[in-house]
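What follows is chain A paired twice: with chain B in the first complex and chain C in the second.
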Partner chain A sequence: MDAATRPFRWHRNFSAKVAAIPMIITAMVVFVGGTVWTVVYSFTNSKLLPREKFVGLDQYERLWGSSKWLISLENLAIYGVFSLIFALVIGFLLAALLDQKIRFEDTFRTILLYPFALSFIVTGLAWQWILNPDFGIQHIVRSMGWESFTFDPLYNPDIVIYGVLIAGLWHETGLIMCLMLAGLRGIDEDIWKASRIDGIPMWKTYLFIVIPMMRGIFITAIVLIASGIIKVYDLIVAQTGGGPGISSEVPAKYVYDAMFLSQNLGQGFAASTMMLLTVVIIVVPWAYLEFGGKRQ
Partner chain B sequence: MTKAPHLMKNSLGYAAEPEANDGDVTLRPAESPFQQVRLEEGPAGRKPRPFLSRRNIIVYGTLIFVSLYYLLPLYVMIVTSLKGMPEIRVGNIFAPPLEITFQPWVKAWSEACTGLNCDGLSRGFFNSVQILVPSVILSIIIASVNGYALANWRFKGSETFFAILIVGAFIPYQVMLYPIVIMLREIGLYGSLTGLVIVHTIFGMPILTLLFRNYFASVPQELFKAARVDGAGFWRIYFQIMVPMSLPIFVVAMILQVTGIWNDFLFGVVYTKPDLYPMTVQLNNIVNSTQGVKEYNVNMAATILTGLVPLTVYFISGKLFVRGIAAGAVKG
Partner chain C sequence: MARKVTTRRKTINTVFAWMIGLLIFFPILWTILTSFKTEAQAISDPPVFFFFDWTLENYAVVQERSDYMRFLWNSVILAGGSTVLGLIIAVPAAWSMAFVPSKRTKDILMWMLSTKMLPAVGVLYPIYLLFIKLGLLDTRIGLTIVLMLINLPIIVWMLYTYFKEIPGEILEAARMDGASLKEEILYILTPMAVPGIASTLLLNFILAWNEAFWTLNLTAAKAAPLTAFIASYSSPEGLFYAKLSAASTMAIAPILILGWFSQKQLVRGLTFGAVK
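After this line comes the complex of A and B, so read on.
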C-alpha cells in the first residue's frame, strides 16, 4: 500500500486497527504473554498461589523423578504412535473404498464421520460401557461358551491405554477418512487411466503414485492427529479417570491435577512447559520444511 | 461428480472397452466382423457388471462391516438406555430391550445426582445453552471482523499478529490455563459464565479468523474497490457487501463453534463453578461419581442426551459440516 505518501500514518486505516484490537490482545497478551508467564513461573516453587521465589530447575527435577509423569509420557507415546499409524492407515483405506464410485457413498460417509461430532466425554463413556467386563464384550463372549475369554482393557493396567486407543480411533478415523477422500478426489483421472494402460495393479498405483501425490494431505492429517494427541484429556477423564491406579495418566491430566487438585502450581507449570517443548520439537522442523522451503 | 468417469476408474477389468451406446452402433454399419458379431448377439454397450461381482462384495462387505462397527456404540447406548436395571444385569448389552422404558431418560434429565445436587442433566443443559449462544455469536463477530480487516485492510504489523495467532493455536491449552485464571480473576469474571464465554471466544479466534480471512480474500477485489470509490468505509463495506456475500461461511463457522463449544470439557471444568458446569462436565460427574449404585441405563440416557445437540447439528448440516472440518483442517 502507498502508506508512505500520506502524512498521517497513524490515522490511516483507523477502523481496521480498532477492529483488530481483540485479535492483537489475544495474540500478544493471552498467547504470548500467557506462555511466557507459565514458562517463567515453572522455575518458582509456587504451591497454592504463584510466588516469585525462584528455585531453578527444582520443579523439573521433581517432575522427571515422578513416576506419574513418566507413566503419562509413556502412555502418550504409545497412544500417539498407534493412533497416528492406525488413523492414517484405516482412514486412507476407508477413503480408497469410498472412492470406488460406490452407491450410498453419502450414507457411508455420514456413518463413518458421526463419532467426530460427539465429544470425547460421550465417546469415553460409551466405550467404557462396551468394554465393561461384567456386561460388555467380555461378558457376551463368555456367555456364548468361551468361559476363559478375557478382554477387560479398562481394568488391566498393562493394556488400559489400548482400551482408550480403541475409543480414540473410533472418534477420529472418520475425520481422517474425509480428508483423505478430499485428497483422492483431487487426483487427476488421467493418472488412473495411464496406470491402467500400463497394466499397473491398483494397489501399486495407490502406493507408489497416488500416496506420494497426496503428500500435503498426509502432512495436514499428521499435524491434525498430533495436535489432538497432545491435548488428549477429556477422553481419559471420562473413560478411565487415569486408572486403574495411575496406569492411564497423560500429561494434560498431570497438569490439570497438579494445578487444580493438588495445589502444586509449580509442577503444573513445569509439566505444561514440557508439553510446550514437545510441540515445539514437532512443529518447528515441520514448519521449517513446509514454509522455509517455499522462500527459496 | 458426473456419472461418466464411472467406467474409467473402477471397473479395472472391463475398462479397456470404450463406452458405446445403441445410437452409436446403429448409425455406423458394421465395418469389422467383430462388430457384426456383437450386433447379432445382443445388446451393445458396456458389458453388464453383475452387482455381486467379487470386487463389489469386497468393497461393500468391508464398508458395511465397518459401518456396523461405527454404529455399534450408538446402538448399544440407545438400547441400554431403554432397558430397566434388572434386565441389564441379566442380559446382553447388544440385545434389544424386552420391555421399553423411558424412565432412565426422565431420571437422567431431571433427577440424576452429580455428587452436589440432584437436578439431573437439565441444569447442565441450560448452562451449556447459556454458554453456547453468546460464545458463538461473540466469537463469530470478532473473528469475521478480524478476518475482514486482515484480508482487505492490511496495516503495518497485521500479518505478524495474525501469524502469532495461528502459532498460538498449536500451543497446548494447558500452558495458558493458569494465566487466564489470573486474568479472569483480575477482572472479576473467574468462575462465571461470562468468563467462560470470553475463553471460548479467545480459543475460537485463530481458526475462525483464518476461515474468514481466506474466504474474504477470495471475494473479488473489484467489488471492494468499487465500494471504496463510491465512498464506503470500513464498516459499511463489511455490513453491506462482505456479510451478505459470505453467508455460507458464517454457517460453516457456526457449525464449527456450536459443536466445538458444546463438546468442550476442559474450559468448562477449569473456569466455572460446580453449579454453573456445562453439560459435558455435569455428565461426567453423573456417570463417574462413585456414590451409590451405578445405574447404567440412566448413564447411557444421559450420555445420549449430551450428544444429541452436536449430532443434530451434524445430521442437519450434512455437507457443510464436512466443509467446516475441512476448513478446520487447513489450519495445519
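After this line comes the complex of A and C, so read on.
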C-alpha cells in the first residue's frame, strides 16, 4: 500500500474526524443540551415537575430576594477567594522550603496526594470530627491545660465557612505543593547562579524570576483549585449539612434543595443559571486572554 | 534549585518534609486508628494513640448493618466500567487530535475542558429526567455512563498531552510498512503510551470512585457506591465515631492501597500529568 496516495490521506483524515465524533457528540448533547434546557426552564414556574408556563424573570426576582441564596453566594465567595489564595501561597512556600531531593520522594509525594485522592465526603466527615469541640482540637488543647481555649468553627454560624475552608485546604494543598515542587525542579540551575552573582535577594529572585517562569504550573494549579471550588457541594453536605441553620449553605446546595426538597424546580433552574452565568463571566475572558493569543 | 547543599541541611530538609507529610497524613491515620477502638476509647480523655485494645468489632457491626461488600462491588463496577468506557472513546479522539490535527483541534480541546468548569447542578435535572424516562435511575449502567461523561474531557486532554510526546515519524514508519489504522493505534501507539495511559486510568478511576454529587443524586439503594455508603453514616450515627471511622476506613482503603502500589502513576495522574 502506498501511504502517500490521496485515497489513503483522505481515508486517514476521515477516520480522524470519525474518531473524534463520539466524544464531541456526547459532550454536545449532555453539556450544551442539558445547560440550554435548564436555562429555558428557569423562566417557567415549574414546581414538582417541569411545566412550560413561562413567567419571565419571576424566579430570578425571588432568587435575589432570598436570604439563603445571598448567604450561599457570600459563602462561596469567601471559600473561593481564600482557598485560591491560601492553597497557592501555602503550597508554594512549603515547596520552596523543601526544594531539594527528599529521601523516599515517591512515597512522600504519594502521602501529600492522599487527601486529594479521597472523596470530599470522607474529608468532610474527618474534619467534622477534628473540629468537634467535644472531641477534637478544642478538647485536646483544653485538656492540656488551656481551659478557655475556644475553637469550634462548625458550631459558630459566623465562622462556619472557615471551618469548611480548613478541610478544603487540607484536601488540595498537598496537590498544589506537589505541583509547585515539580515546577521548581524545572527551573534552570543557571538562573540561581546568575541572580546570586548579580546580588539579587532571594525573595526577589522568587517573585520576579522564578514565579513568572512557573506560569504553566500556576495555571494548572489555579484550574484545579477552581474546579474544586465549583464542586464544593459534597464537602458541605458531609461536613455541616449547610448548618448551623443556613449559615454554611452554598449555591450548588441551594439548587439541590430547591429542586428535590422544596419541590421548586423553577427556582433551582434559575439558581443554576446564575451559577453558570458567573462561571462564564469569570472564565471566558480569562480563557480568552490565556489561550486566545497563542492561536498562531 | 539543586544548589550546593550540605548533608546536614539535607537531613534537616528531609525531616521537615516528613513532618509536613505526617501532619497532612494525620487525619487519615487518626481515622484508621479510631476504627480499631471501642466507642468509649474513641472519645476517651486524654486521647489514646496506639495503646488501646485493638478490636475489629466496629467493622463487624458496619458490615452487618449495611452490607459493605455490595457498595464496594458497585464502586468497583462504576469506577472500572466508566474508566474502560471512557478510554474506548477517548483513545481514538486523542489520537486524531494529536496526529491529525485540524485548525479547530485546539478550540475543541479547550471547549471540552471548559465543560469541566461548569457547575454540575446545571445539568443535574435534565439528566435526572432523562434517567427516569429511560429507566436508568439507580442502575449501574446509567451511572457508569454519567461518570464516564463527566470525566471524558480530562481523559481526552491527558491522553492528548501524552500522545503529543510520541514522535509522529514512528507511526508514519508503521504505516509505510503497511499497518492499517486499527493496527497503528492498537499495536504501535497504545503500547508506547502505556505509562501515560496507566496514569490516566488511575486518575479517572479515583475521580469516579470519589464522585459524590452524581452518585448521591442518581442512586437510591441498588447501584449506590461507597460514597453513598459513608454519607449514610454521617448524620444518624453522628456520635458513633468508631463506627463512622470504620466505615470511612473501609471506603478509603482500596484507594490508599491502590495508590501505594502505583505511586508513580498516582503522582503523574493526580497532578494531571504536570509531574512527570
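Miscellaneous remarks
Criterion: the second predicted complex is superposed on the first by the 262 of 296 C-alpha atoms of A that agree within 3 Å, B and C clash if a C-alpha of one lies under 4 Å from a C-alpha of the other, contacts with A are read in each partner's own complex, and residues count from 1 in each chain.
Simple rule for what comes next: a residue touches a chain if its C-beta (ideal position, glycine included) is under 8 Å from a C-beta of that chain, and two chains touch if they have at least 3 such contacts.
This structure is a prediction, so every number in the text was calculated from the model and none was measured.
After superposition on chain A, the partners chain B and chain C collide with one another. In the superposition on chain A, A:V55 makes contact with neither chain B nor chain C. Of the two partner chains placed around the shared chain by superposition, neither chain B nor chain C is touched by A:I209. In the superposition on chain A, no contact is made by A:I166 with either chain B or chain C. In the superposition on chain A, contact of A:L184 is made with chain C only, not with chain B. When the two structures are aligned on the shared chain, A:S227 is found in touch with chain B and with chain C. With the contact threshold set out at the top, residues 1, 3, 12-13, 15-17, 19-20, 22-24, 26-27, 30-31, 33-35, 37-38, 41, 50, 94, 97-98, 100-102, 106, 108-122, 125-130, 135, 139-140, 143, 170, 174-175, 178-179, 182, 189, 192, 220, 223-224, 227, 230-231, 233-234, 237-238, 241, 251-252, 255-256, 259-260, 265, 268-269, 271-273, 275-276, 279, 283 of chain A are in contact with chain B in one structure and with chain C in the other. Across the interface of their complex, chain A is touched by residues 1, 5-6, 8-10, 12, 15, 59-60, 62-63, 66-67, 70-74, 76-77, 80, 88, 92-94, 142, 145-146, 148-150, 153-156, 158, 161-162, 164-165, 167-168, 170-180, 182-183, 201-202, 205, 209, 233-235, 259, 262-266, 270, 280, 283-284, 287-288, 296, 299-300, 303, 306-307, 310-311, 313-315, 318, 321-322, 325-326, 329-330, 332 of chain B.
Here chain C touches chain A in the complex through residues 1-3, 5, 10, 13-14, 16-18, 20-21, 24-25, 27-28, 30-31, 43, 45-47, 89-90, 92-93, 95-97, 99-100, 102, 106, 108, 110-112, 114-127, 129, 149, 152-153, 156, 172, 175-176, 178, 181, 206, 209-213, 216-217, 226-227, 230-231, 233-235, 241, 244, 248, 251-252, 255-256, 259-260, 263-264, 266-267, 270-272, 274-276, going by the rule given at the top. Across the complex, chain A meets chain B through its residues 1, 3, 12-13, 15-17, 19-20, 22-24, 26-35, 37-39, 41, 50, 94, 97-98, 100-102, 106, 108-123, 125-130, 135-136, 139-140, 143, 170, 174-175, 178-179, 182, 189, 192-193, 196, 202, 219-221, 223-224, 227, 230-231, 233-234, 237-238, 241, 251-252, 255-256, 259-260, 265, 268-269, 271-273, 275-276, 279, 283. Considering their complex, residues 1, 3, 11-13, 15-20, 22-24, 26-27, 30-31, 33-35, 37-38, 41, 50, 94, 97-103, 106-122, 124-130, 134-135, 139-140, 143, 170, 173-175, 178-179, 181-182, 184-185, 187, 189, 192, 216-217, 220, 223-224, 226-227, 230-231, 233-234, 237-238, 241, 251-252, 255-256, 259-260, 265, 268-269, 271-273, 275-276, 279, 283, 287, 291, 295 of chain A touch chain C.
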